[in-house]
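For reference, the structure discussed in these notes is given below.
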Amino acid sequence: MAEVVTNTQRTDLALVDALGEFGVATIHEAQGRIGLLASRLRPIYRPTRVAGNALTCEVAPGDNWSIHVAVEQAQPGDILVVTPTSPCDDGYFGELLATSLRAHGVRGLVIDAGVRDVADLTAMGFPVWSKTISAQGTVKETPANVQTPIVCAGAYIRPGDVIVADDDGVVVVRREDAQRVLDASRTREENEATKRELLSSGALGLDIYAMRDKLTQRGLTYVTESHE
Amino acid sequence: MAEVVTNTQRTDLALVDALGEFGVATIHEAQGRIGLLASRLRPIYRPTRVAGNALTCEVAPGDNWSIHVAVEQAQPGDILVVTPTSPCDDGYFGELLATSLRAHGVRGLVIDAGVRDVADLTAMGFPVWSKTISAQGTVKETPANVQTPIVCAGAYIRPGDVIVADDDGVVVVRREDAQRVLDASRTREENEATKRELLSSGALGLDIYAMRDKLTQRGLTYVTESHE
Amino acid sequence: MAEVVTNTQRTDLALVDALGEFGVATIHEAQGRIGLLASRLRPIYRPTRVAGNALTCEVAPGDNWSIHVAVEQAQPGDILVVTPTSPCDDGYFGELLATSLRAHGVRGLVIDAGVRDVADLTAMGFPVWSKTISAQGTVKETPANVQTPIVCAGAYIRPGDVIVADDDGVVVVRREDAQRVLDASRTREENEATKRELLSSGALGLDIYAMRDKLTQRGLTYVTESHE
Amino acid sequence: MAEVVTNTQRTDLALVDALGEFGVATIHEAQGRIGLLASRLRPIYRPTRVAGNALTCEVAPGDNWSIHVAVEQAQPGDILVVTPTSPCDDGYFGELLATSLRAHGVRGLVIDAGVRDVADLTAMGFPVWSKTISAQGTVKETPANVQTPIVCAGAYIRPGDVIVADDDGVVVVRREDAQRVLDASRTREENEATKRELLSSGALGLDIYAMRDKLTQRGLTYVTESHE
Amino acid sequence: MAEVVTNTQRTDLALVDALGEFGVATIHEAQGRIGLLASRLRPIYRPTRVAGNALTCEVAPGDNWSIHVAVEQAQPGDILVVTPTSPCDDGYFGELLATSLRAHGVRGLVIDAGVRDVADLTAMGFPVWSKTISAQGTVKETPANVQTPIVCAGAYIRPGDVIVADDDGVVVVRREDAQRVLDASRTREENEATKRELLSSGALGLDIYAMRDKLTQRGLTYVTESHE
Amino acid sequence: MAEVVTNTQRTDLALVDALGEFGVATIHEAQGRIGLLASRLRPIYRPTRVAGNALTCEVAPGDNWSIHVAVEQAQPGDILVVTPTSPCDDGYFGELLATSLRAHGVRGLVIDAGVRDVADLTAMGFPVWSKTISAQGTVKETPANVQTPIVCAGAYIRPGDVIVADDDGVVVVRREDAQRVLDASRTREENEATKRELLSSGALGLDIYAMRDKLTQRGLTYVTESHE
């Protein structure tokens, strides 16, 4: 009953690449604090940062067959996003699949499961965010959906949504929000540059953000203790 | 109902720095195997080691407002120690707050929650021990206590207690125990140097520590098996 | 009631070393996808790879006494494999024990518990796979079995079985299977070299592995969506 | 920036109630093995079963304000489905909110977070599926979305989708699939009644499902061992 | 190096019993949302509620010796509170110790570790809150502190502080705060009775708590969607 | 490559049933504190106790095919013991399989994975110890070994070893140790009856077990505090 959707839309790569100049934390804030994948997804090496179009792929537990199906759907600038249909920590992905994906222009992997061959993947510079690292391989018995909307690590992701991933984690930006989020990220980062300069000179956030009155209203009090 | 205590005591920095020459495992043993924070707190980069006075700070779940309050209470040589009032994995802390703390002489962060901007924090060399890494930011709606005694990762910590942290974890030394623990740490380390030399020449711990009789008394027996 | 078996068998080191040229994932596949230790065991530094004869050791919770007993049983080419008799995250092992083991030719440690002194262990280049890192030390009150069959991280391991460990995890090869698994690993790796070349030139796994018919039989269909 | 959508659609209650006569496992299979919420959601008492229209509600970490907003949107036959915008184990919900929901005809609660007052909720017979039980209460500072599509415990849920929950867990059926899934569930259950009778008389699944040839093809062999 | 403090203070039992008439959630709120033990502590049977004076006891990992020491310090109305010096899931406590404690008037057990004999403990009606259930027993080799301040499940507890535990979890009330918290609990519960009546008649929390203006100020908006 | 061993040995049922009169904690102690399965295995209902011969069965992740194979190997008095070849929480087992097993005299299930239909299983009185409860079903694509030695929840179990399970957990007794462990369990239980009587009359374990001198030797001291 598995399906492959072959004509999914993608976000323009110029827009994707512009988003990729910002960190995940910045983009997450800029788009209203939505779209973050669960923090259990961690990069296999650091530092790293990548942005691309989501190439979505479900996999059966302990079965990586549909990843092979997904490779054929890849286009340059994609990031493969894999979610198991039930929780699984097996090592679904290794150096051979990375070699194949790279040959088709895929920029990295986000997977809510395990990967293996991490020494090779690191040497190749192929970035991966995974739930775990495991040498436990998988079978090829049950195909699953490719390029359909999925839930990966708690986030709803459609093919062609923008994925940005760095040392802090992974965020998805909806295709139709990409330009707006890019603009908001730029504004946010410019704003932070000013604050950074003030803070590094010793100014206090309490003053820069004018927090003192609000803190008092919310009940904060300053006390001294006796030290006999 | 939150409070900031403004005149807390601190441990003399000469004493703090002397303690910082020892590893966490050594100090933990030297003070009678107490004071260790839970091992879920891990450094964001390795190797690293730091010692300082605890600057304590509670935070509401998903709310980092009181960290801004804590910055104003900082003195050179402090380590900020943050604990949420209920368990939370959000990314409470990033590069802007580190910039601000560093401007006030703070040496690092210990937090039983998440942090973000870890690539920047690593580049800055600002050491952090945290429960997790997460790009999920926080709000500023609810202040919490600053410079009061707290429980962080299972350890009871008062402002001005000494925090030592390295690749193995984090330990707290009570202000009044600091000199005694320093002395015990020195004794322990000298003792270990002798043992290290013996062990590296092939001597057995069984002999160095005279364990053989006690092992026999506790029921240890040596057997051979048949290999037909 | 603890026992030390003093005349256990070992696998020939030439065979052990030949196995050590292959990665854990390759060996695991080559021996029929058995023998993997749970993925919670992670190396304290990366990259790393080692192979050796299992020197097995049980430990009581919070008690590392039997590790001292095990050192005396060590032979060059061994890897110490430690399992607690009930789950425990304490730091059973540090730099002094590593110094002692190295003096006796032991190549590394696999432990389903915690270790400490990881900065020193890393500097020494003494490889360790552990469940956690913890400065919490242990006592010496209760001996446990050494060189008996054990279950470590879910795998059944007998003294002298071959342990191979790398960035992906840890696998055990039974003494009597070592030659067969070595042969199968070689075959597998030669086979992968051919595939790697094809994949890097852009050929699809779907074609290389002739998967298309079987996928259709299992119900995979290709669809297009309307984008109005 | 939070929104409440006031005119969401619902599934006809006759259809909802018909689905509620089947167990979660049956419905999950009948709709093609999709739609299950993560198994971390457990009922606070057993046995229990309920079906209703999803009344969706996001909450900020440690903040249950939007649950109060959701009550006003409730209609008889709804099940409140709550997801935090970042992971949180606080006790968001207790007996007072259950009293309020029941007054508006709401049949139960599904929440990927904590609840409290579980003795009272059990005594009331108000069914709850939650991630944890915690007495830790919440604040009312940050509103979040109500009646928008959400991801709860890994499943994508829209207002008015059908929720069925029992001792095995929670499943969502999309509004537009409800009739089809009901039909498939009936077929499945009839089919199972026949099998149950055969199996209880001692017939083997190997024969009922004609598995023997396929097992042989997949490499299953029967062997005997020597017992000297 | 372990100590037993023999003349600790206790809270008057009339005050303890009065607090025991309120639930943990109520007391936690009434004392300003502090003092809750981590929600990993769960009762072994439900429903249950108990209040008593904390009889504190540390235990070494896998070693329950100091519980025997604690029994001698027990007085009627105590609740034994046990914390391991490093995390441990062993079954420290069973039916024999419960029999002994009951003979000395102890009302229950709170333990951040495992227990066993839960069928017997349930049959006896001896209430226990534990981290886990495990048949794994313990040794008697290493004594630990009794009746000293401890951190148990993240809360700081001194001998004679009041422990209240029910189906929702466990809370500690400081000896010196007991009367104040009792008064606040009574006020809170009276207040809730009024609200319960209003809510059960269908009144909305939005109106009872006058939340509508504040929600608008915080950015909540109501929208309708088109359903073409 | 999966195998079914068809002529495995079993322990005499009279011996099995005699062991089943003792609790898991008693048997675990009586056989020298070995053989316990990990405490993550919990009964789906309580109270319950069962003993039987291990009928061992491996399963592929998300695939319960070999359970059907195992049913044919069942004999009256068996307990089915299932372990996945890589960790999996799916619901491998439900009411139909229980019906089939019961028809062949199987007394219960121990599984280091998930089960479903727990309301039905409870109503049937078919005891199950599992890692989790999940409605997520499994496929039938990959057979695995039946009646071979396995590691289940950390314990090494051979076909025909004795399994005893109760509210505290699950223990395995080796076939060849069954009589010896039965004798030791009887001795232990008689010994406990005497102690229970003494303890319930208020005698202290410190005196019954003559612990006072040994405690002093290990450094326990009694102190009083000043309460000014």
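Here are a few things to note about the model shown:
First chain written, first letter: the chains are A, B, C, D, E and F, and each begins at residue 1.
Basically, a contact is a pair of C-beta atoms (placed from the backbone, for glycine too) under 8 Å apart; a residue touches a chain by one contact, two chains touch by 3 or more.
Remember, predicted model here, so these are calculated numbers, not experimental data.
Between the contact lists of chain B and chain D, the overlap consists of A, E. Path length between chain C and chain D in the chain contact graph, taken as the least number of steps between touching chains: 2.
Copies chain D and chain E of the same chain sequence form an interface built mainly from non-equivalent positions, shared numbers / all numbers used being under half. Measuring from the averaged C-alpha position of chain A to that of chain F gives a distance of 42 Å.
Work out the mean CA point of chain B and of chain C, and you get 30 Å between them.
Averaged C-alpha coordinates give centres for chain A and chain D that are 28 Å from one another. Listed for chain C are residues 1, 33, 36, 86-87, 89, 134, 136, 141-142, each touching two or more other chains. Here, these are the chain pairs in contact: A-B, A-C, A-D, A-F, B-C, B-D, B-E, C-E, C-F, D-E, D-F, E-F. Those residues of chain D whose C-beta lies close enough to touch chain B in the complex are 60-63, 86-90, 134, 136, 139, 141-142. By the touch criterion given at the top, residues 1, 32-34, 36, 38, 85-87, 149, 151, 154-156 of chain A touch chain D in their complex. Chain E contributes residues 1-9, 65, 68-69, 71-72, 89, 91, 94-97, 99-100, 102-104, 114, 116-119, 122, 132-137, 140-143 to its touches with chain F in the complex.
Residue ranges on chain A touching chain B, taken from their complex, read 23-25, 28-29, 33, 36, 39, 42, 46-47, 49, 166-169, 171, 192, 195-196, 199-202, 204-206, 209, 211, 215, 218-225, 227.
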